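Both complexes below contain chain A, partnered by chain B and then by chain C.
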Partner chain A sequence: MTTPVDKAAARHANEAAIIALRPKGPPPRRGLPWGRFLHLFYCSLSYIFLLSPMIVVIGASLHGGEYYTAIKFPPDEPSFQWYWKIPGDQLRALGLSFLLAGATALGACVLGIPAALGIVRGKIPGKTFISTVFRAPLQIPAIVTGIAFLQMFYLVGDATGFYLQGTFWGLYMGHVFVATPYVVGTVTAILQRFDMRLEEAAFSLGANRWSTFRRVTLPVIKPGVYAGALYAFMVSFGDVPISIFLTAPGYVTYPIELFYGLENDFDPSILASASLVIFFCLIALLAMQKLVGLDTLLRSGSR
Partner chain B sequence: MNTRWDLILLPSFVIIGILIVASQFIFLEGSFYKDLGLGRTGTDLQLTNYIRFFTDSFYLNTLWITVKTSGLATIFTLLLGFPVAYLIARMRSRWSMLLLAGIVVATFVTIVIKVFGLIIIFSADGLINKVLMGIGIVETPYTIIGNQTGVVVGLMHFTLGFGVLLLYSVIQTIPRSYEEAAQIHGASRWRMHYRVLLPLSLPGLTVGALMIFNMSMGAFTSAALLGGGRVFTLPVLIQRTVMMEVKYSMAGTLSAVLLVTVLLINLFSIILIRRLRSARLVIA
Partner chain C sequence: MSGVKINNVVKRFGDFTALHELNLEIQEGEFLSLLGPSGCGKTTTLRLIAGFIQPTQGSIILGDQDVTQVAPQHREIGMVFQDYALFPHMTIADNIGFGLRERGYPKEQIRARVGDLLDLIRLAEVGERYPAEVSGGQQQRIAVARAVAYPPKVLLMDEPLGALDLKLRETMQVELRRIQQELKITTVYVTHDQTEAMNMSDRIVVMNTGRIEQIGSAEGIYDDPRTRFVADFVGQINLLDAEVTGADGDFLIAETLGSQVRVPKGEGECSGKVSIAVRPEHLQLVDTSSSDNALNVISGKLSGRTFAGNLTRLFVDVGAESPIVVEARPQDAPSEIGVSINIGWKVENSRVLTE
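The block that comes next holds the complex of A and B.
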């Protein structure tokens, strides 16, 4: 027969056992239940902040009204009218920008790939110094690079009679200068994880130096090269602070054309061409995703 | 296999080296000639331009505004960018690729286009003002064009994409298991972030902050367009000094001051971080 007192004692013993079995320390806290929601909300605000200007530009480019009320978002009566009215100046500027950016990507690879190979593999003293030199163009404020190149071109011009400012090659030098560090960075990142034995194997199997490079090394560093080339292309394609000094009236890149367009009065056709550029960037990105994957682009891209 | 990799490096090194030394030397030397305006300069090396810079409150104020707007832009970019980078880096679904793509596109599109969008958004009859005036918060249209807020917002648009990408790669190097371990041992989400994630990502965070700051200090486009000719940062002033006043050596002086300021701030931060790290105040 159990008394109430016995019952209470049994309950006590039970509880004591449960407490003893509990893990020591405070119970795991999972954080606020809405913590994750708050995080997502915060991130969507960041995205709105980041993407809204581009969405607004695309939206406003579809406006179908009169000229003077043309900068309007959301657009009233969607039409593509401004896309057909992009003036020749802007198209020429776009053409120059594409050409320049493509050539810059190529030039940056030509300078950057050997540099990366040398930095990672060369047995040279002062490696830190050398890689600092290759990174220096990014450390120098872009506007300083612009004015420094302009003055250098003046001086070279005074001495030799060849004035490079306002010419393609002048612009090209400036752009390659700032774009090369990106290729050096991406290729270096890939090379540091590269298994040298692959090359040794190819070499011992009778491949000569060039075919080892072409058939073994190059395929391995390819993602880094693509990523670096894309960075170089985009840096050149969007550059203002260097180009603004090195272009001449009538011979400008697209961002400079846009810049002057915005400083003075703007023609709504700028919206249309700007939207085209945004779409181009999107397509370039998708191509890169197919080619090497975005992850490679990022992992190797950030030095 | 004894390929001379060091020789392969040589041509690029010489080209980049010459470009750096030649361009930097020429404008630095030029900055010591007294500027007589309209492209004419004195013939002997003097400190006139520098003395003018450091005695003229307009120039000093410009330097201060440049550092201030860049600093603010760096802080806000990190605040806005870190949670996004963390979200993407820790996401397990395919959505992360889409989110990343959004960031990369925003990075690649030239800042001029983004500033264009900002101008439309903040124009007198733009989205923001319609909403603000609709609810009656403001009477007259609010604008960011021509004030320092605008410059900071413009700088953030310039750096945020890069910042997120950089922080993303930093966070990816921190194993997820560290965070799980902290949580299993009873750390709350906040505590885990504060005691585990933050110290581990601090070195990367510092590098990122410096990169963003450097970019902002040299940023010309957003400051020029959103400053609207009323807010002057050093890059804007440099461009105006060359293009409008044709004062090359004064512009050289301004550039030299900008360059040295950037390098000094970088140097000090690196030394500071080393000190903190060796004093074990920063775990990393």
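The block that comes next holds the complex of A and C.
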């Protein structure tokens, strides 16, 4: 049996043992002496890794000499000559891609926002199953999606006489299919953090459901919508594996056109048109940053 | 007519009954507080009046209209939320004008009303700022202005001062009461802070586990608690287990901790086991250890003391489960822990509680 006195003695002994093990001497200096240098070095490596492909493409596009079948970097006698030789087909394809990507972003929002609202707010059975289904397009390899769409278009066409393959709408359906999960994802994320009291406040102030959605809910979840739309746009704009099955002469998207161009014979004008797109995207991103704040957007957080 | 009547309202969430047969009438222009610990049903009651949830049974009358089946947006209520729920993407002025704009008032009229309200809450200069750019106390007042911009039949407030620090909370209590009286608006105020309820309300409704324990003025509830729960929840109190042994006119004779004490008779019959309630400020240190007809005395040992500036709290071990708390003037308080002392109270300052 231990008496309180024993316990106190034991505690004192333990305390003394802990104190005895206390490190002696002055406290160590904070951080490694090379810490700052290592940090800088590591960051620089990352940036070089991420940026060098673009720098090479832009640099090589300025190649000033004669026709040349390999990438020449750094360019000698820099000139913009290849920029004037970008084939008209590529520019037309670029136009189609912008249109398609814009429409895809819009379509993904029209489908994705209500889907996200249903997933987060709805009292529907099997909610997790539904949200898994909505994410599924991200998990299927895109090339499989492309084949599946093509097959489906043939089947539907054979049954109804209404063929979608090789049309703009066929292409559009494929793109909306892979882009919608991004909008569902970002909007779901922001809706889960949405303060329901904001809607209750709007109701208590006499606003009906639609008005509450339009004037309170939508503006508050806007960062999530923008972020999703931006992802949708980028997915559509850069897509090759689906588009390659669904394009037809007259409806060729930009990445596919580049792909064809590279397949046949290499021409520095491809570098030039790629550089143009890089610049265009840079300007678009900067504009977006000015308008809505890209960092908020990509975090898809509320302010 | 813009009172509120709650008739026989029952609210169940699945198997859990949040409110049992609640009946409550709120007078026009009255400031009524619902006071109770969390989970007592006070917020549920408020949300039922607002229409955010539907009663399982019973009806809610606003003014002279039965609104049980009416959606919140058609009830003409004003609601102030604990975290204010100001619209973050709108300016303060747009927030305040929201209800009027939704109801289609002309822009000029809205601007004039918003200006008036900003004056009322003494924030005329912040109209063009966003909620994130003003302080918590300011947001609080803005939330009140927004709720009353379209004069509501009843103003509902759900712990609106909960997020503020103590000093600001005291200022805001005065401020809210001033605004409420200036607008003569019927108000239901939910809080778990008894000081807040006592400072502001015309009447207080003390709730516990989905039932009303007591309704009354601040003084009524503090001086004459009707149940152990109310006595314990509102202010500090000492509860002594006692057994009624007899009666003497308007008084009961009871035995507690081996001493005979006298207590004023409460309403209704009481016999057997009861609790005797005495507030710490009614207890005093006495020299004698014998009671007389006007003074009850029990003796015990001093087990602890805390200094609170204007008074010293003494904890006296009288052999009961928890020590008895006595509030004494610092100069009167004995300093030696363990010393035997006698504490007494005037008979009329104690209450007998049966529930």
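FYI, the second predicted complex is superposed on the first by the 258 of 303 C-alpha atoms of A that agree within 3 Å, B and C clash if a C-alpha of one lies under 4 Å from a C-alpha of the other, contacts with A are read in each partner's own complex, and residues count from 1 in each chain.
Convention: a residue touches a chain if its C-beta (ideal position, glycine included) is under 8 Å from a C-beta of that chain, and two chains touch if they have at least 3 such contacts.
Keep in mind that this is a model prediction, so the values were computed, not measured.
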item: Touching partner for A:46 - first (chain B), second (chain C), both, neither; value: first
item: Which of chain B and chain C A:220 touches, first, second, both or neither; value: second
item: Touched partner set for A:263, first chain B, second chain C, both or neither; value: first
item: Which superposed partner A:200 touches (first chain B, second chain C, both, neither); value: both
item: Which superposed partner A:141 touches (first chain B, second chain C, both, neither); value: first
item: Chain A residues touched by each partner, larger count belonging to chain B or chain C; value: B
item: First (chain B), second (chain C), both or neither touched by A:208; value: second
item: Touching both chain C and chain B, counted on chain A across the two superposed complexes; value: 200, 203, 302
item: Chain C contact footprint on chain A (complex, rising order); value: 195, 197-198, 200-208, 211, 215-216, 219-220, 222, 302-303
item: Chain B residues within the chain A interface of the complex; value: 1, 3-13, 15-17, 19-20, 22-24, 26-27, 30, 80-81, 83-84, 87, 97, 99-121, 123, 126-127, 156-157, 160-161, 165-166, 168-170, 172, 183-190, 214, 217-221, 224-225, 234-235, 238-239, 242-243, 248, 251-252, 255, 258-259, 262-263, 266
item: Chain A to chain B touching residues, read off their complex; value: 25-32, 35, 39-40, 42-43, 45-47, 49-57, 60, 71, 73, 111-112, 114-115, 117-124, 130, 133-134, 136-145, 147-152, 155, 173, 177, 180, 199-200, 203, 209, 234, 237-241, 244-245, 254-255, 258-259, 262-263, 266, 270-271, 274, 277-278, 281-282, 284-286, 289, 294, 297-299, 301-302
item: Chain C residues within the chain A interface of the complex; value: 50-52, 71-79, 81, 83, 85-89, 98-99, 102-103, 132, 146-147, 149-150, 156
